[in-house]
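In structure tokens below, several structures.
After this come two complexes, each holding subunit A, first together with subunit B and then together with subunit C.
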Partner chain A sequence: MNTQGPLLEVQDLQTHFSTDEGVVKAVDGVDFTIRQGETFCLVGESGCGKSVTAFSILQIVQDPGRIVRGSIHLRQDDGQTLDLAAMDPKGRALRRIRGRDIAMIFQEPMTSLSPVHTVGDQISETLRLHAPIDKLQAREQTMAILTRVGIPRPERHFHAYPFQLSGGMRQRVMIAMALICRPSLLIADEPTTALDVTMQAVILDLIKELQGEMGMSVMLITHNLGVVAEVADTVAVMYLGRIVESADVYSLFREPKHPYTTALLRSIPVIGLTKQERLATIRGMVPHPFNRPHGCTFHPRCDHFMPGVCNRSLPPITHLEGGRTVRCFLYGGADTREREER
Partner chain B sequence: MSGMKETAISEKPMDTGQPLLEIKNLKMHFPIQKGVFRRITDYVRAVDGASLAVKRGETFGLVGESGCGKTTLGRCIMRVYRPTAGQILYHEDGRTVDLCALNNEELKPYRRKIRMIFQDPHGSLNPRMTVLDIVGDALRVHGIASGTELEDRVSDLLRRVGLRSEYLRRYPHALSGGERQRIGIARALVLEPALVVCDEPVSALDVSVQAQTLNLLQDLQAEFGLTYLFVAHDLSVVEHLSDRTAVMYVGKLVEFADTKALYVNPRHPYTEALLSAVPIADPRMRERGGRIRLEGDVADPAHPPTGCYFHPRCRYARQRCLEEEPILRDLGGDHGVACHFSEEIELRGAVMVNG
Partner chain C sequence: MLTYILRRLVLMIPTVVIISLVSFAIIQLPPGDYLTTLTAGLEAGEQVSQGQLHYLTERYGLDKPLHVQYWRWMSGIILRGDFGQSFEWNRPVKDLIWERIGLSFMLSLSTLLFVWAIAFPIGILVAVRQYSLWDYFWTFIGFIGLATPNFMLALILMYVAFRYFGQSVGGLFSPDFVDVPWSWARVLDMLKHLWIPIIVLGTSQTASLIRIMRANLLDELHKPYVTTARAKGMSEISLLAKYPVRVALNPFVSTVGWVLPRLVSGSVVTAVVLNLPISGPLMLRALKAQDMYLAGSFILLLSTLTIIGTLLSDILLAWLDPRIRYT
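Entry: the complex of A and B
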């Protein structure tokens, strides 16, 4: 990939929800960089904070969620950088960035599509909000993008309400809405999960095409490790609010470092390997949200758990060759004797 | 199931067990309304003559293009909709009822036996109810449990789907996508149903929780003899779980077979295209090629093409495909296909990853 300088740099991001029962540290110290033109995939356990990370970037975290720490630097066209985390969530400046510089495809399309407006109106309004064009032009461009995301008969579906569409069609409408302003960063939260595999391939191709055309960066959140293997440049693996490993896609699949990553890759069902009756899982449960384990939060479920080390302090981020990082005492950072891998 | 010709179904009993559910020529057409007078100008043929039979105790996989009518089919079985035409036969203790012919009152006992895990976990959970109420409601409505017993049963089930009982008092908006999906699963299973329509039940889960959930579904099936109609886009999940699998395209079944046979030896060009597009979790396989790009437009269920609905996108289409609609016929060995040229064309199966 001809990736260039950083477009987005997230540092020590922490987003917490204070509830009556306690504080949910949904995002608890996340660092990553997305370079221009690259596809950055964020994977991890369901509930580990991927969507909240994405919402934090756009500052659209739901109440009572708050960004309590960290910075989110976005480089703009003029080379200037802005710290999105420091901006007023309701302010004009941030509203301009949403949709125009950064667009998002949401995990659940129904949450972000208005039930009382036709899909055509919703898409063309998004466009007109950010571009000085008239209704007719907006309509034309909307038709064009609907066609491109594979909506049959766009002239009819332009007038359809979201409830009249299948799950996959709604998803494609969302994708169209996100792409229409040609953002510099597309955040796509499970964009193709609701689609059949041929349509999924079409959408991933389309995103790749637009990336080529306009150097768009993509932050892709997905559980489908097949999709990750097909499209990612860089992969970050999250567990309980933290990134536990990041690497280029080839290294990650060839040689996962963190025990959680290893376990995750082992659970993938593959065609042709079936009737092995049981799929591999990770023992234990995701810990109590208000009462996370001490030290490495993965330690109660880890096959390499080192008593007295892993449960004492949080493993630091260790930098390995090839720009890889991992948060695990197997790779150093322990305050007692260090151990070699395996 | 011995072929989809209607006569064949009623004449010949199952070789391996009687079907629990038989769908015959089911149609569900939604009106398209236009203008201020909401005049009906057309119909969306969401399900347009689908037939299938699900055996007792099996997992029947259903895959197909997004928008081909899988959810609508499931909702017809649940009788969320009143189908336009066709039959949904439920066989039990030597008795057969057509669910399409029942009114709301008569449907009540079946609402307990047939449950659905809904595709959209967000839209299908009442935002004003806590997890406890959402999952436990059915127990209360059917007078099965209340009070602490109800709470115990719900938290036990939550644990089995991998959620702690701390979640009981939470509202859906405070849950992640995958957490919501597991609430939907628990809600469907809480009544110990006989048949569960699983509509994308694990799509929002990471692979390890997904594996745990699929194992759970298998355990419950072994324990209680559950029957699943399993709808999913992830073909490896479907392969892992399903005894038999059917492929749908624009409201109809185009192929069904024993799962292995379908994956190794597909007989319908659309099945071949689907299998070729399955992403493989190995970046070194990226440049393998071989993916079949479907040309042409996605079919519009309000105006399906003539002849074989797949013909505008089919690499093997000939004149006959434009003119004549292929019927779903038995190729022998419980392998059915709706393509004129199945015997003549050579199709590729799934890429097998043997590691």
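Entry: the complex of A and C
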């Protein structure tokens, strides 16, 4: 397999929803890369655009969402790259990528499965869409993957309906459905949010294990920094449709650069906290999508707000040592801007 | 599935028994009965023979207590298929009702097929193209369909059929075919007449079913499982047919339950206006004339058919939706 260059390279992705009340810039210029075999975590508060970013990669954003700018380059097995953002969302070419090269699992394992079709039917369907095999072979392979994801008595559960399974089982079914074609990238959009804590760990371990076996890359979306610390290789922190900081997981936790990242890390509960040391929260509120602050969108909530700088223009992406990036005037970008203005 | 059906069938038995009791009670409720009227007529010197009166009283136990009367009526139905005598028509009830119920059945079934054939594709179209020109057009037509009273629609269509197609209007048959035995020519003649009642009876049902289909499908179209199917790489058409339409199908199946009871009661007004030889008008008349066995038989059949209709649609629903089947 060709290992030149990243598996997925997203550049300046912008996905907007034009509604009657105005345009929601759910994703407003996002850049990131995912390398072969790594686990890439996208973190951020609810509503910051994580899901829309993920859905944009497969172009399955719901109406009226549209990719208005940017490119999404996927490297294929033969070393060639394709720009997914430029493809027709309903076209055959993109449909061949979905489920085969890039597969996805979702937050709600109950509603993400059809209530009136059997588990076996829904899993084998993915396979039959992408591989020229007959029903019997599809059935065999489905049984194999059901066993692999830890579903007992697969020959019985093949005929089960989603509502007959527990939440954890359903998420295993989702994983089986996503992995049956051995995709090179698995996008998991908060796969454990709807599960209890023990189940969360089990499911994450399962994904990790299968990732090792199949050598795929994983894009994990979460708002749980504990999960990030456990599974991520690289992390991107998202705020209001933009990535404000990206780094490898060690550097990010040891030395967060962006004030938003710092604030997020301070809000993780730590065992042994006394009553006096209350858990820190980020002050202020997430601004309304139609009323985003000018300049750096985080400035009204920021502890390092520099009047006349941060509220004036959008900070550019600054590249730091170790391949890290940050979007903040504390790390440069401000001087040049001021010189330009003079 | 089999146990589900068996359970439902067993549950049906006591329901039917209770219904038969209630129908019997209902026909006994009003003061006086046909026999009293008949006796009065006899005294007034009308052409009713004393012997006939005696025979009827004897056969149906009309001078006996109520439970005996009930028992004679029910055992007649169960053992001999004898629903009693229509006093007004002076004929056995069973001779009066079966042909009418047969025609009603045929009419309801064709109306249902008509309703499905139109509402299904249009319901899907307007949901998938929500807020498009098509959506507004069919919404408009649908509301007109819902708002037009059936008798009005019937009059308009009869006028059109008479004026522009030169058809004999009213009824299900041309004058030549009314009282002849069944033949292919009679069937053809009936088909020529059938379209008016089908449109009259089906329009408002079609309109409401389009609305139901649209609303249901719109609910389903944005469910996460549709996104899942899309993320698998399915084409829009096949994922639409396999997932959301399939789930939105339930209200369609429920309509099967409407058909059977409508055979007997439904569409009385339309049937009167169009002069259709179906059961509704006859039942109305029997109720007004206190023709007890005829009215009672209609009520009994109507209720039983309602139960069977509900059972059929429940079985279909269970077959369609595993969530019902397994709970």
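Convention: the second predicted complex is superposed on the first by the 296 of 342 C-alpha atoms of A that agree within 3 Å, B and C clash if a C-alpha of one lies under 4 Å from a C-alpha of the other, contacts with A are read in each partner's own complex, and residues count from 1 in each chain.
Rule of thumb we're sticking to: contacts are C-beta pairs under 8 Å (C-beta built on N, C-alpha and C of every residue); 3 or more make two chains touch, one makes a residue touch a chain.
Because the structure is predicted, anything quoted here is derived from the model rather than measured.
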Considering only the touch criterion stated at the top, classify A:Leu42 as touching first (subunit B), second (subunit C), both, or neither. neither
Return first, second, both or neither, reflecting whether A:Thr193 touches subunit B, subunit C, both chains, or no partner chain. first
Have a look at where A:Glu108 lands relative to subunit B and subunit C in the superposition and call it first, second, both or neither. both
Report for A:Leu58: first if it touches subunit B alone, second if subunit C alone, otherwise both or neither. second
So in the superposed three-chain picture, is A:Ala201 touching just subunit B, just subunit C, both, or none of them (first/second/both/neither)? first
Thinking of the overlay built on chain A, is A:Val27 touched by subunit B (first), by subunit C (second), by both, or by neither? neither
Partner touching more residues of subunit A, whether subunit B or subunit C: B
Please indicate which partner A:Arg95 is in contact with in the superposed arrangement: first for subunit B, second for subunit C, both, or neither. second
Considering only the contact definition stated at the top, list the common interface residues of subunit A for subunit B and subunit C. 62, 108, 111, 164
Per the touch rule, the subunit C residues reaching subunit A in their complex are 222-225, 227-236, 242-243, 246-247, 320-323, 326
Please output the residues of subunit B touching subunit A within their complex, sorted ascending. 30, 32, 44, 63-67, 71, 119-123, 159, 162, 164, 166, 169, 173-179, 181, 200, 203-212, 214-215, 218, 233-237, 239-240, 263, 273-274, 277-286, 291-294, 297-300, 302-303, 350-355
Per the contact definition, I'd like the list of subunit A residues that touch subunit C in the complex. 55, 58, 60, 62, 90, 92, 95-100, 103-104, 106, 108, 111-118, 125-126, 129-130, 161, 163-164, 174, 177
Subunit B partner contacts - residues on subunit A that touch it in the complex: 17, 19, 21, 43-48, 51, 62, 107-108, 110-111, 150-153, 156, 164-169, 171, 190, 193-202, 223-230, 232, 249-250, 253, 263-265, 267-274, 277-282, 285-286, 288-290
